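Pasting the structures in now, so scroll down.
Two complexes come next, and they have one chain in common, chain A, joined by chain B in the first and chain C in the second.
This part shows the complex of A and B:
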């Protein structure tokens, strides 16, 4: 009983910052503090006319979509290899691929910056950010896809091959439909991580900033803060929507693979 | 060659794992090597001098500011880890042992949602909660518990610790939860049948079996927190800056990338060394018990 009280208090602690977001997004005052002064939708209207924000959002969407596709492709390779095959130094290789999960982001950022700018003498572009985001998203994709691949019965693909399908078409026709919910869920998670990532994007973005880098810039101007709150409210609503879809798909994928849901994608 | 690879199970596995493996090799291992190499070079405005030198490391040792920043960073990361894991354990325990099994996924979903929403804005909102005119101060003033706003909760190390502990909460809960889920419940019954009470059963059976999850939680919180410069920048004030802020400044503002690289290497080595000591001590503790 007391544990339940603690758990609810903990959830309140977790949600406290997000709960404040819409309150200040609709508050009719330039200063983000209590007491509240009145209701307004001006800050949302200001978002609509801000063209540099629109550019930043477009940049972020492009980066997040490419990251989602590429990291999920790499994740599929790793999850399938991990679930279906035994091969030399498997645990070592798998651990190595999962390592970016614990690597501090600033280390990823500065080491890629050194390689791109100082060693190869190339300019920074959206692709440098995509390259880094794929690195940090792949372990998350693998963790999600493992759930979909691990309990797949290999004999189903073998049966398809016995009936005359090639190895690839057996994968496409039998396994792929079964793991599809996991794949979409993995893409949504990678998309969400990339869309929100700031530490790496700040180091690696070229002339045109991503959305978090643009928000960071706005935060220096107190007058712009209510606009940031409005933008944040939209972002939070959007991520909750995407994550709910991802979670529902993940559960459906588990059900398709015939596994009891143990919950959580990590 | 290709035929040979695809004909055996091991070959097919290696072929399939090679894209993610080479990706990690090219974009993680190679850049990490490059940054170590780079830390032995020097930079003069835009020109990089590639003669091997220990000067960057000498600077780090000789100038007290770097040692102080590193010490403070390790202290903050350590405290954040302790606070996060200690607060997270009861939640993981509650979800694993007291929540109906068809509700567990929902609880985990609720716990992870705040983690996926804009990090920058979440950090900024802690400023709104802890600030001079913030939620806590106005709340406490209104109910008359304090006469003037508390100032020890913003723009210092405390604020950095609170914000980071919030940001890393799910990272600590999930591994502990997974470890707790794996515990065979009949072991707990056996312990109680053999005369241990509930508290002793927890300390002698549940906790040691949950230790792998706790260790994973400690590592997954402790190591990445050293690399965060957003929270100290926004919440830390003048006295709350950490080593990651210094690395960022060296790279982006001061144009002394080799010194920044050396600081990054030193920070990485410190957290890795501490983590290894922790893992070894934990192993010895678990072995000593069995």
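This part shows the complex of A and C:
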């Protein structure tokens, strides 16, 4: 009984703040406080007309899409090598690749800023953010893709080669379709991480901020708070949708490879 | 008999590990050939070097008179049935079988469909083409793998422990079917197995491998009756080993066998070079017998005491202690009508014959 109370309290603690987002996003008052005054969609309408927000969202989408593609490509190379080949100090190399997972983002941000600006004397742009986001997303991609590649029987590709296909077409015809759910799920995760990443984007963005940085800017104006709530509501809905799709694809991939689900990344 | 595959001085290293040591081997066209050995002996590595899935570190692999150096797996006239079968789970049964025909632009769609159906009916899976491959049983997956490999009419079919994942009944059934299939298609089969019984049942010739080397290459009967070393004799079937003393060599070999006494045996009963002095005499359990009450024999007899009885239904295995022999003799007896199953401690007589002895160094 006490365990049940604890579990319920825990879930409230986790999700109540997020549940407040949609409530105040539709609340007809500029001040975030109970009691609620009435229903409105004005804040969503305000989102539609804010052009600097639109630019920020476009920036973020571009960065997130590029990050998803690049980090998943890197992840495929690493996961395939890890699952199918034996090479010297493999464990050490794989460990080093996964290290950014536990590296504080602020460290990554500051050190990259120093490298880009001081050492290479380059300007900050979307690409500096993309480079940093690829760095932090790749370990997540590898973690997901490792599952997909390790469930794969290495003799599948060999069988395709034995039946007359070249190494590349064997990969394309056999391996790729079998790990495709993993690839999509990896891209979705990388996309989500990049989209709402703040610290690195804040340090490394040039003149045109990303969406999280723009939202942070809005927070200085209390009157804009309900608009932020509306934006937050949309983001939460999208995140849940994307992560659900990612997980469903991962499970489908497991089923397709004929493996029992051993519990995955999510 | 024409040589189809010739291996000359084939070596394979994995780093410092010497997986194949100077393998010289000729495999004939139309032969059912087995590579037999304990796990880690290099038999699968050898099969994969023939398939082109492993590079050799040294030596020559020739197939059909052509040097295979630099020829990758997809261009070799070999096809393989993998231990895991490697059935592509995202393709249907028919798509799996047709996979090797993808590059054959000379064939029409109808031709390919007919070839797939023929291949499936050959392995007893007519009408299974539309099924999803991940819903098949172990035996069916193996048949699909066979059909997929045979549709290309390779010169050599390579089978990597194809029966090890099946249960005993299924395995025995598939052994017979594989023999029948091999005679039907006339293709050279090379089977890798660790199961000596499987190799004896199926093969024309067997190469027994230990630690990257071929220990003996012979037909099943020679391998069983005249193993050329103690490790081959131990690996294939059961054998009693008795210490022996070689007294004279020649057309007939004079030897004093512990517990059995002085006998003279044919030179061919010593498959490996012998010297005078200490040796080992091997004798198979089924070439010894227990003399039951009421039975007579004109063969030699030795007294013993039953030490252990293992009842198998059709057979009973006895361990019989004989004076002068360290280990009890293992004797296999058919449970014929009227034969009792003896109890431990019973005094008995063991029937033996010097013609069944094998002398090993």
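In the analysis below, the second predicted complex is superposed on the first by the 258 of 266 C-alpha atoms of A that agree within 3 Å, B and C clash if a C-alpha of one lies under 4 Å from a C-alpha of the other, contacts with A are read in each partner's own complex, and residues count from 1 in each chain.
The rule we apply is simple: contacts are C-beta pairs under 8 Å (C-beta built on N, C-alpha and C of every residue); 3 or more make two chains touch, one makes a residue touch a chain.
On a predicted model such as this, the values are computed, not experimentally measured, just so you know.
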Three-chain arrangement built on chain A, chain B and chain C clash or fit: fit
Chain B versus chain C as contact partner of A:178, first or second or both or neither: second
Chain B versus chain C as contact partner of A:245, first or second or both or neither: neither
Partner with the higher number of touched chain A residues, chain C or chain B: B
Partner chain(s) touched by A:12 [first = chain B, second = chain C, both, neither]: neither
Partner chain(s) touched by A:155 [first = chain B, second = chain C, both, neither]: second
Apex chain A: angle to the C-alpha centres of chain B and chain C, given in degrees as a multiple of 10: 90
Touching partner for A:163 - first (chain B), second (chain C), both, neither: second
Nearest-approach distance, in Å, of chain C Cα atoms to those of chain B in the combined model: 7
Residues on chain A lying within both footprints (that of chain B and that of chain C): none
Interfacial residue positions of chain B with respect to chain A in the complex: 9-14, 16-21, 23-24, 27-32, 34-35, 38, 48, 87, 90-91, 93-95, 98, 104-105, 107-114, 116-122, 124-126, 128-129, 131, 133-135, 138, 166, 169-170, 174-175, 177-178, 181, 219-220, 223-230, 234, 244, 247-248, 251-252, 257, 260-261, 264, 267-268, 271
Residues of chain C that touch chain A when the two form their complex: 51, 53, 72-75, 78-80, 82-84, 86, 88-90, 99-100, 102-103, 134, 148-149, 152
Chain B partner contacts - residues on chain A that touch it in the complex: 3-4, 6-7, 10-11, 13-18, 20-21, 24, 31-35, 73-75, 77-78, 80-82, 84-88, 90, 93-94, 96-97, 99-108, 110-115, 118-119, 131-132, 134-135, 138, 142, 189, 192-193, 196, 198-199, 203, 212, 215-216, 219, 225, 228-229, 231-232, 235-236, 239-240, 243, 247, 251, 261-266
Chain C-touching residues of chain A, taken from the complex the two chains share: 153, 155-156, 158-167, 170, 173-174, 177-178, 256-258
